[in-house]
Amino acid sequence: MKDNIIIQIITRLLVPFIQVFGFYVIMHGESGPGGGFQGGVILGASIILYVIVFGIDEGRKLVSEKINDICNSTGVLIYGGVGILCMIAGGKFLEYNILPLGSAHFASHMGMLGIEIGVGMTVAAVMVTLFIETARQGK
Amino acid sequence: MSISQHFPVLVIILPLISAVLIPILSRAKKIYGWYISSAATFISFMISLSLLRTVHVKGKISYWMGNWEPPWGIEYVVDYLNGYVLVVISFIIFLITLYSNKSVDKEIPEDKVSSFYTIYMLFVTGLLGMIVTGDIFNLYVFIEISSLAGYALIAAGRKRDALIASYNYLILGTIAATFILLGIGYLYMMTGTLNMADLRERLPALYDTTVIRTAFAFFSVGLSLKIALFPLHIWLPNAYTHAPSVIGALQAATATKVGVYVMIRILFTVFKPEFILEVIPVAKLFVMLSAVAIIMGSLLALGQKDIRRMLAYSSIGQIGYIVLGIALANRLSIMGSLIHVLNHALMKGGLFLVVGAVIYKTGITNIDDYKGLGKKMPFSMAAFTICALSMVGVPLTAGFVSKWYLALGALQAGKWVMVPVILISSLLTAIYFWRVIDAIYFQGHEVSGKIDDAPVGMLVPTFALATCCILFGIVASVPVNITNFAAKMLIGG
Amino acid sequence: MKSLYIGLVLITGLALAYGTLDMPNFGDPNAPANHHVAPRYIEKTHEETGVENMVTSVLASYRGFDTFGETTVIFTAGICVIFLLRESGTGKKKKRTK
Amino acid sequence: MIEFILAKYNYWIYITLMMIGFYAMIAKQNLIKKIIGMNIFQTAVFLFYISIAKVKGGTAPIEWEKAVRYDNPLPHVLILTAIVVSVSTTAVALALIIKIYKAYGTIEEDKILEMNK
């Protein structure tokens, strides 16, 4: 699909919207259907679409292998970090209410948002990894 | 607010965080992967010791994730049983991690070493998580973490057969895990809870429903597949034979033991002992299966040429011993099982580590080629001999203690038939190990060229395991006392 | 060999069907699964965690550690695939032997 | 009898799916087909979990003023985890198959076993 200008332009137009939607789904998980996994997969799909249209090498320019690998780990680290912050704040692991952020509800919101972002990051990065590493074998 | 109250979760979080950090940090230097793994497993071992001590002093520890009280939240429980298993497993893992550095450098391509240690630590995380959790669905999640990591680690073997071994393990492992998941679903559907202690309270009223019985059947099949009980063992020999030697040792010494622990949990904590003894008498079936496993494992080990395959079949026999003790379900037999979990982990770990050292130095895996190694690698072979003696069950070695308690348990349960089974199997074990010992010490020097003993980094962990084999044979009171408490807790009396 | 497989599958199917006999009907509000633990998630989610989506509250808060495990599983899969498939320049000298 | 069967129709569906998947997993020679079977097998269990969460007249478990009853949220959470596990297993399995294909040149199990002899 490297020569088809229509597909290329449409992809370039679509990818940002898909990504915004992905972020929306991650952030919106608390009040509607959605959450880190679903949003993460949507985010990953946007990059996968880009890779399908422009090829692996172009895709790797967008998300380099190094950044991809670091994102894999960072997501889990954010999740674990939120849990450990709760422990440092004097609660149990993942006890968001205890975080010193004003009201307990707000702290709980922020804690959940934090872990959803972590989950989304790992899921998106791993989806891209899975696709690119597998697709590369076809060469 | 001391940090020690968080130990039940830290013992899992530390390996996990280290696993996540390895791909980032080892970009700078490859060796960091090993440093981080060793440090994390050492700290986990120390935490486990502290947990066991706390259990001994203060009684059962319960940790509520997110401070949600069970059964609404996930509870982590440490009592005598899993405190003991935790110490055993984390100790063995620590020694194997210490040993791994050189062996991994030789057997894994250089650019994959950091991913290797990441997966290694994830595997460790999965195993430790399975031990500490008190929530049955959380158990499934950790089973899957350790299984997934295990598939990839086995596939890292040098020969292409490793790929097929790993694939078959993946298929059977997934069947097992899905059966366990289905069993969990059945229990949840009938009780509305996922907490193990809560299930124990609510299940007896439902023992005669078909749902609970089917759930039990699926748990049994799934767990038997995971621990490779005799007719379901087909994945194990290939997996152990073709895996990298460190992973062979790790799988043989820890993975099946944790599976056995999970089995004990399901049989005696989630279900009560009455269920397998009286409500549906599957205990008899397990006794028969384990007797067959003990004999067949030893018989099949006799005919093997590859030493790793011989050890793998021997493992199948040893799993039979452990399941036998569980199925007899009295205090002495369960003590025997639990002591054997420790002993077999020490002995098999030690044997696989020696085999790994031989592969590191010479690449030999065939028993016939071991001729004359006794003079070339005297220290490694001495460790091998000690572990082999312990496997046979010679008095004053650890292997004797567990077999003694198993035999006592069999007599107490009125199953005296099992005593000759244990004796015959010991004899067979002596025969198949004699082949190796004979080749090592009493046959000509056919290994040509200059071969010296394994490096110190490999010898120290190997000797630590071999020493423990002797130590726990002479000072048997330590494991005996702890397992006595654990067995009392499980079945009372 | 094929009959063995069919036999195994049939045994599994029969065991599953046997288990179904005592199961509650589809959509039964009185099924035990909907009592005991679940009502608190439905009634108290807003009060205790401040979010409207009960699935999210259970996922992220009540059973947050499961989700941590789940993220780890995904991470494991990613690293496993990298470990198995990625080939960079330096790795080629030690090739898989037959 | 008929009523008994109809009232539990969700279970019969998942049992059928599970048997199909299980058969494909153990009997098929093609490694990819085994993975397809594995996915059907696991999906059957997901269907079982989701169906026990259903309550007659219940809506999705998100707070809504018009709701009379909510479905049980817990199985949804559990199965979200199990789906992720299934995806991960499939990914690792496919990666293994790629490596097997590169090492053996085939993905038929019987041929591979012959080569290994």
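The letters A, B, C and D name the chains in turn, as written, and every chain counts its residues from 1.
The working rule: contacts are C-beta pairs under 8 Å (C-beta built on N, C-alpha and C of every residue); 3 or more make two chains touch, one makes a residue touch a chain.
Here the structure is a predicted model, which is why all the values come from computation and not from measurement.
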item	value
Chain pair with the higher count of C-beta pairs in contact (A-B, B-D)	B-D
Rounded Å distance, chain B centre to chain D centre (Cα mean)	29
Centroid distance [mean C-alpha coordinates] between chain B and chain A, Å	36
Rounded Å distance, chain C centre to chain D centre (Cα mean)	10
Geometric centre distance via CA averages, chain D-chain A, whole Å	25
In chain D, residues with contacts to at least two other chains	22, 26, 52, 62, 74-75, 78, 80-81, 84-85, 88-89, 91-92, 95-96, 98-99, 103
Of all residues in chain C, the ones touching two or more other chains	16, 20, 23, 31, 33-34, 37-38, 41, 52-53, 55, 57, 59, 61, 63-67, 69-70, 72-77, 79-82, 84-86, 96
For chain A, residues that touch 2 or more chains besides their own	31-33, 37, 69, 72-73, 76, 80, 83, 93-94, 96, 130, 133-134, 137
Pairwise touch network: line, ring, star, complete, or other	complete
Contacting residues of chain B [partner chain A, same complex]	1, 6, 9, 13, 16-17, 20-21, 23-24, 27, 63-67
Residues of chain C that touch chain A when the two form their complex	49-53, 55-57, 59-61, 64-65, 67-68, 70-72, 74-75, 77-79, 81-82, 85-86
Residues on chain D engaged by chain B in the complex (per definition of touch)	22, 25-26, 31, 34, 38, 41-42, 45, 48-49, 52, 74-75, 78, 81-82, 85, 88-89, 92-93, 96-97, 99-100, 103-104, 112-113, 116
Interface residues, chain C side, partner chain D - complex	2, 5-6, 8-10, 12-13, 16-17, 20, 23, 25-29, 31, 33-34, 37-38, 41-42, 45-46, 52-55, 57-59, 63, 66-67, 69-70, 73-74, 76-77, 80-81, 84-85, 96
Complex interface listing, chain C residues touching chain B	15-16, 18-24, 31-38, 40-41, 61-66, 69-70, 72-73, 75-77, 79-80, 82-84, 86-91, 93-94, 96-98
